[in-house]
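For reference, the structures are reproduced in the following blocks.
You will see chain A twice below: alongside chain B first, and alongside chain C after that.
Our next item is the complex of A and B:
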């Protein structure tokens, strides 16, 4: 194994101080350890953050929920407040990975998990994300699980998280700490598109740490759906997923949130499309219009063109289910 | 009446396995054990220009880096590399020279004091290549096809003409993706080096004697110097039928370093050798107005490597499964710059029968005849491919009847898209399955000791199939002993000769030898009794006596009885043993011997998304006597689950430019998880067979998977009206077509 140093600080400030340029924080390790075994990640230092006081779920003054970065995915999914107010988030988390992984994986780590692109994982092949300038193997190679939106010639990888798709739809905020203090990043600005810098997944600076994810009060608990389409019934990443939340005024739409997973380098949202739904009747026709608008400009590759139509249908179904309240308790 | 056979007996090796006391190939060791880690090539074709091991050798704990330039001497003649399951051509030789024949070919072995050091150092080995563009596209290379080196059943009649003239006909092309074995236990070899230069090897294999012979041959070691001991195998499915490269590499390192070495492949490296070949099949079937087949044309194009011709029994079934006067078969191979394909559960049959049974389903709609009825009308009690030999037994019609009844086939509405529940389209599909019931020569030794216990042994394997259990049952049955008094030993190359554990012929071959060895031992015991002139057994033969709880009795007068221990005492030895070899009896030549199945499937399809759920499946199996019900049912269930994987999920994703399998892990190489599996039902149809072997048991390792993919594809057609002729049937193929 790559030789690395290991430390386990007790405080966030300590953790920030200890982290070196070639070091990495480790929490659940469900992704980082895999990457180290595959020789994709080669940190010289692991700063184990599991002792930091970031493992609480608290109600905020604004009436939302603040989830500490170290809270396990399974703890979030089964937390009574999450189940009651943000069932969309619970459903999304439980659609991902396996029970064992969810028991280990942390909230912050989920945000920072890396793509599952075959080429990223195989050091015997080119990948601009893993090794900038080496080329993109997926562009003309195997690209079934790749992006149809927001990709670049440098990279067509997708972000694999389910949880993040729900967090995007719920307009969460990511709280981070760094050497120069604390800041908050709106969820939509947390993950990046690949552009010419596909090696950067997020806008978190290398010397910053996620401390919490905050949910605003609106949870869309009455009318929501998390729909995940994949190659088997469990333990597979999304080909396409949709997190949908609606507020209804009688038969018309009062508010809408739609985020897509499995289609881009980040959870995909179009606030304009959501705004355009307001006041529209809660009908399939409205949903189809929204789906078409969301997927405008989508471009597929040899093995994933089907995702465009699949996403269209998934959006319509998710919004229909949300409107019907089929998932509400 | 039996006491053990045909009963639901729990696995005799179960407690060892679930308590972790069963040791697998990569778990043996010695105090001085070192570990090898394989470096695989990043290119698929070309030459190694230079291997720089400087940095790797600097890692603390690294002992050596073996390459083609510094490995120990190995045989150069091709004959030395043959194995019991070899394909035509040149067996792959790891670290033989600078040539790269496929992507992820092993190019170096880093040996270190620890696994961690070896793996890290392996990442530091730098290899410079001269690369040539590889060819890995089956479709693009079609023109390079050549005839497969195998004998096919002769053509019958004029199939083309009959097809042209027939009133009802179909023609279709089917494609299936490459599949990987992915046994739970990765391939591993632990070579224990003893100071006298002898090797004890724990190798993940389906044939310990195959591995031992292979290593003796290529390293020029006397036969007695190599012993292979593998008591447990964590699944193999054919991947252990041929010695794999980690065995050769571990042996090289042990011989060079004169130390014990272990090499375990990573999950990724499990994709660096054999697989089920990608296959293209072209089918033409025709029948008359009554549904009687008049023409069968089956042409197959399978993938092979540049160095071997991999052949399997893929088209032969189309000549024998149904009565048809005009048949033409063709089987070609397309060499690609990939590793040679490798037998995988029901090799050939799963592919050939998938295409045949899909085409039969298409024909049923063309003829307007129920798919099950069409098969019944074309049933044949004799084997047309072998000059209409009778079958030794063939209860296929009972499989159809019992399977259909259990499944509720009569509730099927004939029209596609006619069954619905909410958003879900429901479809019923079925298919026939078939596999050969083979027997190979095998030997076994039976020993009875003064405490009344029996030990039987043979150099076979238990790859999770239940060999330990069923052989114990056979021997315990012979001696009328409780199972606890009988031990079966396997997985040691010094034990009596056994064939590879594969092809569903282990019970038939080794089981027959076990029975014969027990009977030979019983004969000796009877002979011992007869030494005494006053013995009541004096005028009796073996068929007149029974063995029961440590005694021998005369059937006609059971009060005449002698303790076995008494007989041993009389013989003056604490134990008595007998060795027997069983071979297929000549009578078999006049018959075709095969297992059959009827598979019924219910699918539920969400047409918007193309997602398919296999909500119910019934498999009715005719395989002679089922000697061990629990492992037996287990085998069939495993086959059914794998059939679901083959039909819906499994696909080696090849980057054709790189000639490299890209989804080389079990997160992205999908096979079914629990959530995919619903109601599976197995029926063992009674089948009496006195020809196939003395046990009347045919073997069931393969039959469970055959036909499943066709039944699923047929059910999807029935549900949706969409005929998808390309496996796996992923959701995109369903919702887009």
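Our next item is the complex of A and C:
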């Protein structure tokens, strides 16, 4: 690990003030320290944000839930309001990492965790995300875990989070603070596609801090599923994951949310596909139609073409499980 | 990336150390640490508490699991300086004199190890898991213990040991 200075401010304003251009915030440390040990990240300064007052889960006036950026992943997953209203979020979090890591990982850090692409991690290989202009090692290399949607010639990495897939489906909002004040970013606009700027994962500015994630009231608690497919049954990143939420009017679909993980540089959603499901019967045929539409334009690489069919089947299964209400308490 | 940096970090950072206090295995200790020392390296290299193991150093194996304020975490992915003021329990702090912690005793009785490298992490993790109170069935225990790998594949007996120690540990964490 490189040498760096360290400070632990008590207030958000202090934290923003202390952060230098080559410094970074540290929350749980589970992603940043890992990357520092690999020399992928070399900050000159760490600003420890764990003493900031961003550790609460509160009900909002709108009837939703506001989760402070420092609330641990395990605390979110087991919070009674999350279990009751947003079980989709609880299931997604508990499908990720291990109990120890979830005890350390923060809400803000989870959003900002970086890709697990082998070439991003290996400083001896080219990677446009790590070193703009150096090339993409994965394009012609080992690309089994890589993207099938929204990739560019510059980068085919995927965002590895499970929690974010549920937050995308639930249409969360990310609250941030910066030197010029506060702003809110809709979840769909938070993460970016790689395009020709793959070094930028998100639209958060380097001098901004995440303060909270807000959930709107609608939680899809009756009809939801988080389906995660991976190489072992636990403690592994998703090859493909699906967060599905439905509202049913008798046997037809009243509302639908579908977000995919493990397939793109950000959680993948198509609001048009979800809108097209409204009024359709809650049957496998409708789900297959939605899956085909969601995966339209999917392009695989040498080792990951299997993900296209895997995603198709996963979408159908997740929607079927959601409709059957098998996960509801 | 920014051509005109506004705020620079202080150059004296290279030699910076921080003073921290920990309640470590029941004893209050004052330490001076460099910011880049992980909690795991502090325990093993500076304090000679080598019971906590370094398997991967990347959060992938669980061998470094310790209890911080009663919660299980991976010591390899936390900085010592971030733990200022915390209560830390390692495998060395579990026994009461010569009397093993019920989880330690159960691991011995159930022969829940071969090489023993993962064992301190398994035991601390199991104690943390029971305190969390989310695992009741065998499948739930397996899932909740998935953050602790065992290269020797002693999983069957590890599960048996945890099941055996659970009632005694539950009594303890209620106190």
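As a convention for this text, the second predicted complex is superposed on the first by the 329 of 329 C-alpha atoms of A that agree within 3 Å, B and C clash if a C-alpha of one lies under 4 Å from a C-alpha of the other, contacts with A are read in each partner's own complex, and residues count from 1 in each chain.
In this section, contacts are C-beta pairs under 8 Å (C-beta built on N, C-alpha and C of every residue); 3 or more make two chains touch, one makes a residue touch a chain.
Just so we're clear, the structure is a prediction, and the values are computed from it rather than from any experiment.
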Partner chain in contact with A:4 - chain B first, chain C second, else both or neither: second
Partner chain(s) touched by A:234 [first = chain B, second = chain C, both, neither]: both
Which superposed partner A:310 touches (first chain B, second chain C, both, neither): first
Chain B and chain C footprints on chain A, overlapping residues: 1-3, 233-235
For the chain C and chain A complex, residues of the former touching the latter: 2, 5-10, 12-14, 16, 18, 35-36, 38, 57-59, 62, 65, 71-74, 77-79, 81-82, 84, 125, 128-129, 132, 134, 142-148
Parts of chain B lying in touch with chain A, wherever the complex brings them together: 40-42, 103-104, 116, 119-120, 123, 268, 608-611, 613, 648-649, 653-655, 657-658, 660, 662-665, 667-668, 670-676, 730-732, 735-736
Residue ranges of chain A touching chain B (in the complex, touch as defined): 1-3, 38-39, 116, 118-119, 121-125, 137, 140-142, 144-145, 229, 231-237, 239, 306, 309-310, 313-314, 317
Residues of chain A that touch chain C when the two form their complex: 1-6, 8, 19-23, 26, 28-30, 33-34, 37, 44-46, 48, 50, 74, 78, 97-101, 103-104, 233-235
